[in-house]
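I'd like to ask some things about the structure below.
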């Protein structure tokens, strides 16, 4: 059964809106909307580092992720009430933190930590990749705030990070899957790239049909195209901040 | 030391915006903004009741409350990561649930539960009262959805619920305290009323100076005025839904 | 349906017994019995303060509350076995701590903490208010112990704190509700006062019927009468310590 | 260094008081005081059994143990606030349950559970053995209540259970150690016996000096003497119930 | 800085030993040793499925992962004592479960669950991939036990699953990294394949240097070679079972 | 009903194998097999002590215990996934720690801690006593490592510790019970001795029939014989290390 996407081309991103400075209290923040997926991403500067880094003159970037109970089609259990974060939540926040650390020179950042929060207001697929894309802009705003106020002498950012999902649905390679596509896909790949050129993270899972090297290469090329477009949008949002 | 409020009168509410149908997945939802306090309130219909009500033919309304880590001036610890809800969170969500149950005829609601979620996006004082005011509209939208689709034959709502805080700062009675006022107040009272006429809940705390019956009466009158105004705004928001 | 109270007048307290120095190890302790409600209240002096107060030269008073599993009519689950304190428990212990802090000059107390424990041995309604009334005596005993041994130069107590519940049952205002009255009441108010004159905390909840300002004023007056009587009994118990 | 006990003979129990029916709500209850150790022991009948016994026609006896924070010389952390029971608490409550099950014919008890709660009000050594001695009386009261109201046709009790500690302090064998003796002992043995004749449980620990078989035999004989005396006191308390 | 591997070629696996039927109680079990990494993998058949599958006539495969505290170079904290599994642990056990589900026809398995346990006795890199390779053999043994005793009519296995890590160290692509190589690598990829032909899961992370599509293709080809060798070894171990 | 043991005499140990240096990373380690019970015991030296010992110049020995989920006949729930250690686990690890502390001069050990881990790979009764017997050898290896490298000037070991279970099955006293014997026994005693001469710990439980002093003496004598044999085997294993 072949799948034909309605409303947008197979190789098109959803409509993306990145609103900078969405929350007044955070050092950096955006609201990112990728179609119906909407996430508040914030960066908070903490002048202390985790114990394993104390006294080493190096910084750290870490992330937390959460979903509002009503963000999903059927209400999710609130993790704070359940008393623990799910394995999925922990997996995603580890991915966000790792992805963003890949573009930061920790020595230049100095002995401080940047805490990223990604909170999903509305979920329609691709929340982990949209979190990374949005959080990079929040991180950049927070870092430039420190450059502006003199806390940082040199820019620790070594590049630009963005992410997107790609997958095969009904045999057709698609860019930027929404929730119905993601649920019914044969396989999907989450791709995080530096400067839309090199791979930082790739996580590919065959849900129903294992994929060949050739299929993987096609998906990665499609993802790279989407990431190049997202990188431009990140730049514009940062300019508007 | 006397306190003079800037930008609005001592007896004025902050600017209030209630945006109905803010989230597409919930049965009822609003975004309520009271000045810089912004909260997403949703109502989700669950066709099952808690164990203690099974088979009794009566419904239930319960609430959960949370704050985004970056909603406050200095970032709060994420409760899901900490592994438990604070005492303050539990106290607030119990208050929200109790307040809303006061306007629902549980027999008419039938054996189903309505779950209220109040998630604070941005905090500047008065989050518990704004949660109640917003959640009532979300609840009403959800109930009217059930009336429209025939799941409910009769309206179980017995009135309208809204809430506001009042307090004394530097000897001056104030309506609808923002965070700096709340932090520096002599005493404050959270007031929940039915139809802007009768008291459902009153929680008064003297932080620095115990208050007399006369002072309490003055504060309650001030709160009732604010609740009357909020009730009108709730009605308009519901009409717009 | 009108309610007629058996065995005591509508405006009468239950029989109150406050036994000072009930436990030998605590710095201050009482057993308070209000009718069939019996609570052990203790005050323990800790020469350290919580982290947020370190180095500020100010003290703190905080409280914990618990119920023996067999204190209630049908056995309660043990919270230590369940692995967490209920929302109700946390709400009550926050109330006790806040109420007692209202009568202590924290600068005069100096950089030390007083830990209050209220453990319900037998429950028949009004455990939170009896906890406050008993805990004040335990606190006063502990403070006078420090005055006697020279650890305190000046008395940090700024007044006397007591609490009582009032409510409307079957349309009749009643002082000091027992458990059957509390379960069946239209509305009830927990009242905490300083020197039986001014309100420190008021928590009023309409269970079945919202109340007017006039009804609230009548209940507060009734509560104030009861608190005046309790204050006398606290004084006698302290004298006997 | 030889130890000479003040106030009582080396082979004497502390003063023991067992007050039956101490709490009105439990099916069986006592307050047991062994010197300055004071414990409330209750038995609650639950007409359901744990899952592993459902449908087998057999009953169960289980126990929980707790200490009031202020029961000890320096205040203990409240386990409910800490979010878990300590290893010591779990060990003790397992011991109490096992000891009492040894005197109950589970087929005669029928498919119901008896929950024992032992809550230490004041601790001065020997809380686990006093818990067992007191809990047996509470259990017997609860069982005779069921015999009286016809829920039980036949008495499931197969004997009488009591417990005591014995130990060597400064080379001297002592019966019924108080807290200072227990802290400074060379070795101590907790002994639980059926009908003051046969051993149900023995737990011996050499804190400072391992002991020989001969020393153990001497301690057991001393413990048996104490248990015989406790068994008489249990009988009197039950008669008074 | 170029890296030269000692003791084995850059494209060689470590010495692999798969000992079938290592534990007598499990339905299927192996001890897998990949160099100094040693893991006990077991498969336990549970004739019940998780709630979300009840009544659907389909089975499930799920996995848990743990490390002995002394398995690592410096002792790890015991997760059972810490009271929770780390994010890393949860991520790995989700990966193991997902990988094995890719080779099982859930309808043919029928309404039962297979629980996989992977417990690391000794860790020297590659524990997640060795867990998958070993667990597949344990799973196959358990399934053939059900085929032999008639519980299964038809083999639900749709292929063979194995996994390996590949990475770049000092610019050199390496197969099957040990712990020192993994700690110092530029990037590494965990690869899970079906029948050594198609990709089920790929997880690539650039620790120090993002990688290009060409580099990724080279690593995948190297991994595929290793997985082909592991698949042969799995077959021999199963024959020996 | 009398019980006749198959395959070995009533007073014989199971076949015991102690493999020293089983794990490369721990400071001391053994694999101990007592029949089908197999346990990995390790000792890890930690150059810090718990808070209550800081600055006192004394050391500490503590233990943790766990079972692989597949070690038992029907799979056990993983404690790390359940989020807590069972009461049984805590009781056993407290016993192991206490037993080993009895043979260590803490002043000679100096301000450092030795962490013992006992992980059951396969369980067939007697896991707590085999853990103690194995852990003593691991502890001795770790201590001799410190003597060899000069961290310790003097041997802190004051003797040799081993443990065994004895019990009565069908009226017959047996040494070293396996799981079926342990499940069906009238009573069993776990015995820990110093130098096979003196009792460090004795834990006797009558499951079905309380025992007399004479029966206890017989069991202890039988246990002492077994411990003497184990002590010889421990010595040989240590020599081979």
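Labels A, B, C, D, E and F are assigned to the chains in the order they are written; within every chain, residues are numbered from 1.
Note that in this section a residue touches a chain if its C-beta (ideal position, glycine included) is under 8 Å from a C-beta of that chain, and two chains touch if they have at least 3 such contacts.
Just so it is clear, the model here is predicted, and its values are computed rather than measured.
J.: Using mean Cα positions as chain centres, tell me which chain lies farthest from chain B.
T.: F
J.: Work out which of E-F, D-F or A-E repeats the contact pattern of A-B, with more than half of the residue-numbered contact pairs in common.
T.: Comparing each option in E-F, D-F or A-E with A-B, the repeat is E-F.
J.: Going by C-alpha centroids, which chain is farthest from chain E? Tell me that one.
T.: The chain lying farthest from chain E is C.
J.: How far, in degrees, do you have to turn chain D to put its CA atoms on top of chain F, rounded to the nearest 5?
T.: 180
J.: Between chain A and chain C, what is the separation of their C-alpha centroids in Å?
T.: 51
J.: Using the average of all C-alpha atoms in each chain as its centre, how far is it in Å between chain C and chain E?
T.: Whole-Å distance between the two chain centres: 59.
J.: Just the number, please: Cα centre separation of chain B and chain C in whole Å.
T.: Here chain B and chain C have centroids separated by 28 Å.
J.: Quick check on chain B: which residues sit in contact with 2+ other chains?
T.: Expected reply: 83-84.
J.: Follow the ring of contacts from chain A in the direction of chain B and write out the chains one by one.
T.: Once chain A is placed first and chain B next, the ring gives A, B, C, D, F, E.
J.: Would you tell me which residues of chain D are touching chain C in their complex?
T.: Going through chain D, the ones touching chain C are 23-26, 29, 36, 40, 42, 44, 46, 64, 66, 68-75, 78-85, 89, 115, 117, 119, 121-122.
J.: Please output the residues of chain E touching chain A within their complex, sorted ascending.
T.: Within the complex, chain E contacts chain A at residues 84, 87-88, 90-91, 93-94, 98, 102, 189, 193-194, 197-206, 210-213, 216-217, 220-221.
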